[in-house]
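Structures are listed in the sections that come next.
First subunit A sits with subunit B, and in the next complex the same chain sits with subunit C.
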Partner chain A sequence: MLYEFQYVAPKTKSELLALLDRHGDSCKIMAGGTDLLVDIRAGLRKPQVLIDIKKVSDFKPLSFSEKEGLLIGPATTCADVIRDKTVSREFPILIQAAKQLASTQVRNRATIVGNICNASPCADTALPLLCLDASVHIVSKSGSRIVKLKDFFTGVKKTALRKDEVVEKITVPSSMAGGRGGFMKLKRIKGHDLSLVSVCLVKKGSLLRVAIGSASPTPVVLKDFPAQVTADNVADEALRSVKPIDDIRCSKDYRLFMIKTYIERLIEEC
Partner chain B sequence: MLENTRREDLTYVGRGVDRVDTLEKITGHALYTGDLRMPGLLHAKTKRSPHAKARIRRINTQKAERLPGVHAVITGDELDNRLGLYLVDKHVLARGSVRYHGEAVAAVAADTPAIAQHAVELIDVEYETEEPVLDPVAAFRRNAPLVHPDLGRYNYIKEVFTPLPGTNIANHTKLRKGDIEKGFKDADLIVEREYSNPNVQHVPMETHVAIGQWLPENRITIWTSAQSPFTVRNLFCHAFKVPRNQVRVFVPYVGGGFGGKAGIGLEPLACCLSRKAGGRPVKLQATREEEFSLLPCRSGLVYKIKTGVQKDGKITAQKMTLFWDAGAYADYAVNVTRASGYSAAGPYEIPNAWIDSYTMYTNKPFGTAYRGFGHVEVSWGVERHMDFIAHKLKIDPLEFRKTNALKPGSLTLTGETVTEHTGNVTRCMEAVSREIQYGSLTKAEKAREKRTGMKIGKAVVALHKAPAMPPFTATAVIIKMNEDATVTVNLALTEIGQGAYTAIAQIVAEQLRFPMDRIKVSLDSDTDKEPYDWQTVASKGLVLSGNASILAAQDLLKKAYETAGQVLRASPVDLDHDDTNVFVKHHPGKSVPFSRLAVGYAYPDGNAIGGPLIGVGQYIAQGLTNLDKETGQGLPALDWTYGAHGLVVEVDPATGEFNVIRIASAFDAGKVINPKTTRGQIVGGVLQGLGTAMCEGYIYDESGRLMNSSFTDNKILTAMDVPEEMVGIAVETPQIDGAYGARGVGEHPMIAICGGLGNAIHNACGADLVHMPIRAEDVWRAIHKIPEPPRTGFLRGKSCKP
Partner chain C sequence: MRVKATINGRRIERDVPDSITLLHFLREDLGLTGTKEGCGSGECGACTVLMNGRTVNACLVLAAEIDGAVIETIEAESKDGKLSKLQEKFHKHHASQCGFCTPGMVMSLKSLVRENPKPSEEEIREAIDGNFCRCTGYKQIIEAVQDATGQLKKPEDIHYA
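== the complex of A and B ==
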């Protein structure tokens, strides 16, 4: 679908917030553009104004401190995360999942915040962030608020974000640093593909947390488990918590089977 | 054309020389149709049907026409020209009704693609939807709604095809060999099963693109990404009733064809828009989504195989019924039906055979040629069937294949006698079997199973294919010598990535005894400049154009010798040459350089003899016949290329996920002209075969709408999916009439990979699969015997039961 739209790239946060306030529904925020531009080409979205946030200078880049935990900026790409030594040491699960997102070329563009804001049920980086108890920091002209990631997703491609708001950062508490786990994703090919179903498990101290993708309208995080929980208990809880569908990628019964299998294998491995 | 030359006597043929188009392609200097710009160029977009079957009540184009920047809007009502390769059943734009989701009903040419797109959105079409026919077996039923009620009025090639008016059968190919009743009576075991596969897209890197310019007095020029410039010209002139010399078709570099660009595609529409826009050139380039559903795909297939065998493993009879899902138009599908019909049994001898192969019209995107031309699809079932029978008989599947393999003295399905020169499929099977250590697991493989919990299975499958082409298929090559004794070779076989031009350059270099750097094969094709070639299809280029280039080189030398003979006062029989001079054999000092003969020899006083040296070679297929329409008997095959694959696959016995560890492939290429490009064909073809086997295929909803017309849900393999190891092996049984003994291997690497994968998976974990592609989910269902919901099965191209 070819049409003309306005492209703006604000340099500051206040400029960005003013633009959002002015254009509201008719604009769309673009970071990597790897979902948005595909949707525009397919005619699924038709924003009149495209606001590129990559040039906003007062947004924070990727960083980690004991006090604030891991901070992921709005322009932090999957490749940034994958390359980062601190993330690799403290939150390796995030890298495992980010490496499964699409292809090298897309990972060079796609941002973590964009992956979250796109709110696809199959968002690869959502699962580790849910397991790591991430928070979404939202700003608008009228103020700022913090939403837990598990409350941020409200439906298929729907979030708690209002039209004048933008995600300023995602944070992961330092209490989850050093957590270990695994990420398993069912794909149709070994090259880039969306997950047909995916399971992420993170263990930290006495806590075990599991998140599941492509099995409900949103990525789902299960209730907290003690680290010594059995696979059967987790699987039972998982099958109670998800509502997979039959679609052209996969059948419901195979999704359910693979969730159970991945949980068993992750608990055995981790 | 067997040259009987020992390998060590050959300088260029048989060597792994680099491709002649490498530098231009890797530097980005190679120009493709999409790169071309010309003054006044307009851009076109099409309005496409949102329904699989509907009457077109009304099309309102007024708003589109009024949009600034729009130069032409056309609908089917204005174009009463029909297109068709073998059965003339398709209008340039839908007229009166639409027959598949995605069919073009109107088109716009405008200053920019964006304006054209906007104008398309302003076109208002009113449809009256009708119940579509989506299943090829349901389409066969007596009271099925008709996709082409006018079938009886269409023109078609009567010697070859049999459409049945009043039905959805675009062609019925029959094959009757021996006594089928007696064959089944002689059998100890009869096995009957059904197999199926969906529509598949070719996915060339370059999508279809055409630029058309229709000037006053019907002077027409077409620049196109087509495989076959002369076929584009021929079909275009047929449809529009213009003389052949008024239409010039120009094909620059082509970014992959795989059969999808074999016939005619977007060219007529681009030209009609140009005519309406006052002769301005119009470019029409398909989007990737349009590749899937505006342009044709590979036909789906649902088929039954019934085989009688004796306890010792000898096949006594085979009956096959094939329903090809050709979609809305016959295009190449009628010939796919025919060609795969006459070789449907695979490279095995069937003494008593009965085959009915039907091309079924349905309301789906239409089928066309696709690498393998039906053999990929049919071999899936045949190779699964062979293993199934062998297991029933408790005979090793490879032994069972060898027992029944075609060998000297065997009669093919059409009654052709196999000779010792035909090729050797048993040697191919033995070569791959050795390569994968068939029959048991190696120590390393056992350790791998233990380490991973995966189960490893191996399989050997065999294949054959002959070029599917008219028995009188012809080509010509022209070699022109330049002033400096370099040569330029002209031919209309197109270079679509297969390496043909490199092989032709090697053959010409060998014949002329000139170094490769003095041979230029003109890399684009132009019907005004190049001599005729039928099509770039069917793996026939090396045999036909290879022979024509040998003849052209010999003709060029003959003409050089004629002039040299006068200069040297010697008879041509006493002459010989090296890369620089023509000389007298017994007085090598008496010589004249080619450079002084190239454009005519001039004596010191200015007197001249000879003239520009031009060699011409024509070659036409020899000794072939049409097939008898009642029995399918005759001689259809220019040559048979045999091959075999050995696969090593590991399967997760719980989840059905699998990895292809190793594939070894062997082909009886007759004579390998270039080992590097042959390996390229093998690797590319095997991977394309794996894509078909593992993940590709159209999925429809109940109304016939294509659900996966992009790479989001129509996956193709990537570099990450390449097997851990791939081996290519050449067996060389020279083809008597092949250039240096060569046969084509372009399509063959893709054939039988599907069956090989299915059999290896079965041998690993017991999963019995009859539908491809084979997804992990399908293996899981087969292992655990969990049936697929019938709805999703149907939408993926499995048949609903008649």
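== the complex of A and C ==
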């Protein structure tokens, strides 16, 4: 590594919350580490203390119940979700998106909660979770609160999370179980790449929801549509709701064009 | 940080600096230099090892994180100087050229074959989606896996041997 930091792996939630309270700005929570360690190596972040949350025993693992819906714990990896039979039956869209994230090795380490907390505009798993109306459950020494995922992202790599807070789970209501849809991600190469733009669509009963990635400072979910909506209506709404930029990966115009194309394809397929 | 782990079947207990990676620990401290460093940032897969049976990029895991884990590296692949089936078929089908990607490739494929003894071509490609090879063009690697899993029956299936 480039500099010396301290590594701590608290075993309980109260130990973790005390550490966050004590270290504030100088610490960083680590789950899979697949973004954080890359940033540290590149000199983009320089936390003094890394707090590994994977050993916290009172955090819950991945589970599903009618009452609580789908529960994604802070240490749940993309691979855990991809391999889970219940997720594959009830929330297949989440698996479609998780499979598009980076490489096998990274999916074995990267967590869903980490992908969300990193808050990249291109976060692959954010789109299905937005469509599925996920909630983020936050705790700190001073209490707990629940924020809707769509309100959790506040800017490029910025979230509603305060320095002393940690996400203890993400939940998806069981009313969205059985929803079907599609996820399309445009990449420069077939393998391991960030998205140039991505679109996710989920249909459940009379409801249709669409979320778009890499086209605004945060992943964006459009207003709810009736299931019979036309591709043109969704595309009009999408183009009003996103603010893509020209960047190193592609141009703004190409992004807008592909959003429209993917919406047309998804509406036709789903 | 004090870590206890099992590495290639051997139990170890060591004090490791908090800020070094598993890759650095394997290569510099344990002398297990079969695991390679390409990019150091999770892109190339040259550093692939198995952690509790799953492939990881050793450059993206801290040595401190392996406490309690079982780690397997390329050094455990051959036994008493005898190549594993996968290694033997890599050799036969020219799946290793400069060889820099090979340890990582073999680890990714070992993990695949363990879970899925007869992988399709698509499944083989997926299993190495995090392993770059700048030499072979991948076809020789796929053929080697197909041979190692008994899926190359006819002579006309073999292009690189």
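Following the convention adopted for this analysis, the second predicted complex is superposed on the first by the 269 of 270 C-alpha atoms of A that agree within 3 Å, B and C clash if a C-alpha of one lies under 4 Å from a C-alpha of the other, contacts with A are read in each partner's own complex, and residues count from 1 in each chain.
By definition in this document, contacts are C-beta pairs under 8 Å (C-beta built on N, C-alpha and C of every residue); 3 or more make two chains touch, one makes a residue touch a chain.
Small disclaimer: the values here were computed from a predicted structure and weren't measured.
Asker: Looking at the overlay, does A:194 come into contact with subunit B only (first), subunit C only (second), both, or neither?
Answerer: First partner only, subunit B.
Asker: What is the contact status of A:3 with respect to subunit B (first) and subunit C (second): first, second, both, or neither?
Answerer: Both partners, subunit B and subunit C.
Asker: Where does A:261 make contact in the superposed view: on subunit B (first), on subunit C (second), on both, or on neither?
Answerer: first
Asker: May I ask you to decide whether A:251 touches subunit B, subunit C, both, or neither, giving the answer as first, second, both or neither?
Answerer: Touch status of A:251: first partner only.
Asker: Once the shared chain is lined up, is A:186 touching subunit B (first), subunit C (second), both, or neither of them?
Answerer: Only subunit B is touched by A:186; subunit C is not.
Asker: Where does A:79 make contact in the superposed view: on subunit B (first), on subunit C (second), on both, or on neither?
Answerer: Only subunit C is touched by A:79; subunit B is not.
Asker: Looking at A:106 after the superposition, I want to know if it touches subunit B, subunit C, both of them or none. Which is it: first, second, both, neither?
Answerer: Touch status of A:106: second partner only.
Asker: Give me the intersection of subunit A's contacts with subunit B and its contacts with subunit C, in residue numbers.
Answerer: Residues common to the subunit A contacts of subunit C and of subunit B are 1, 3-4, 42, 103, 191-192, listed in rising order.
Asker: Spell out the part of subunit A that touches subunit C in their complex, as residue ranges.
Answerer: 1, 3-7, 9, 33-34, 37-38, 41-42, 50, 52, 54, 79, 102-106, 108-109, 191-192
Asker: So in the complex, which bits of subunit A are touching subunit B?
Answerer: Touching subunit B: residues 1-4, 42, 103, 186, 188-194, 246, 248-251, 253-254, 257-258, 261 of subunit A.
Asker: Can you list the subunit B residues touching subunit A in their complex?
Answerer: Going by the criterion above, the answer is residues 113-114, 117-118, 654-655, 657, 694-695, 699, 707-708, 710, 712-713, 715-721, 775-777, 780-781, 786, 788-789, 792, 795.
Asker: Considering only the defined contacts, which subunit C positions touch subunit A in the complex?
Answerer: 1, 17-21, 24, 40-43, 45, 48, 51, 54-57, 59-62, 64-65, 67, 108, 126-131
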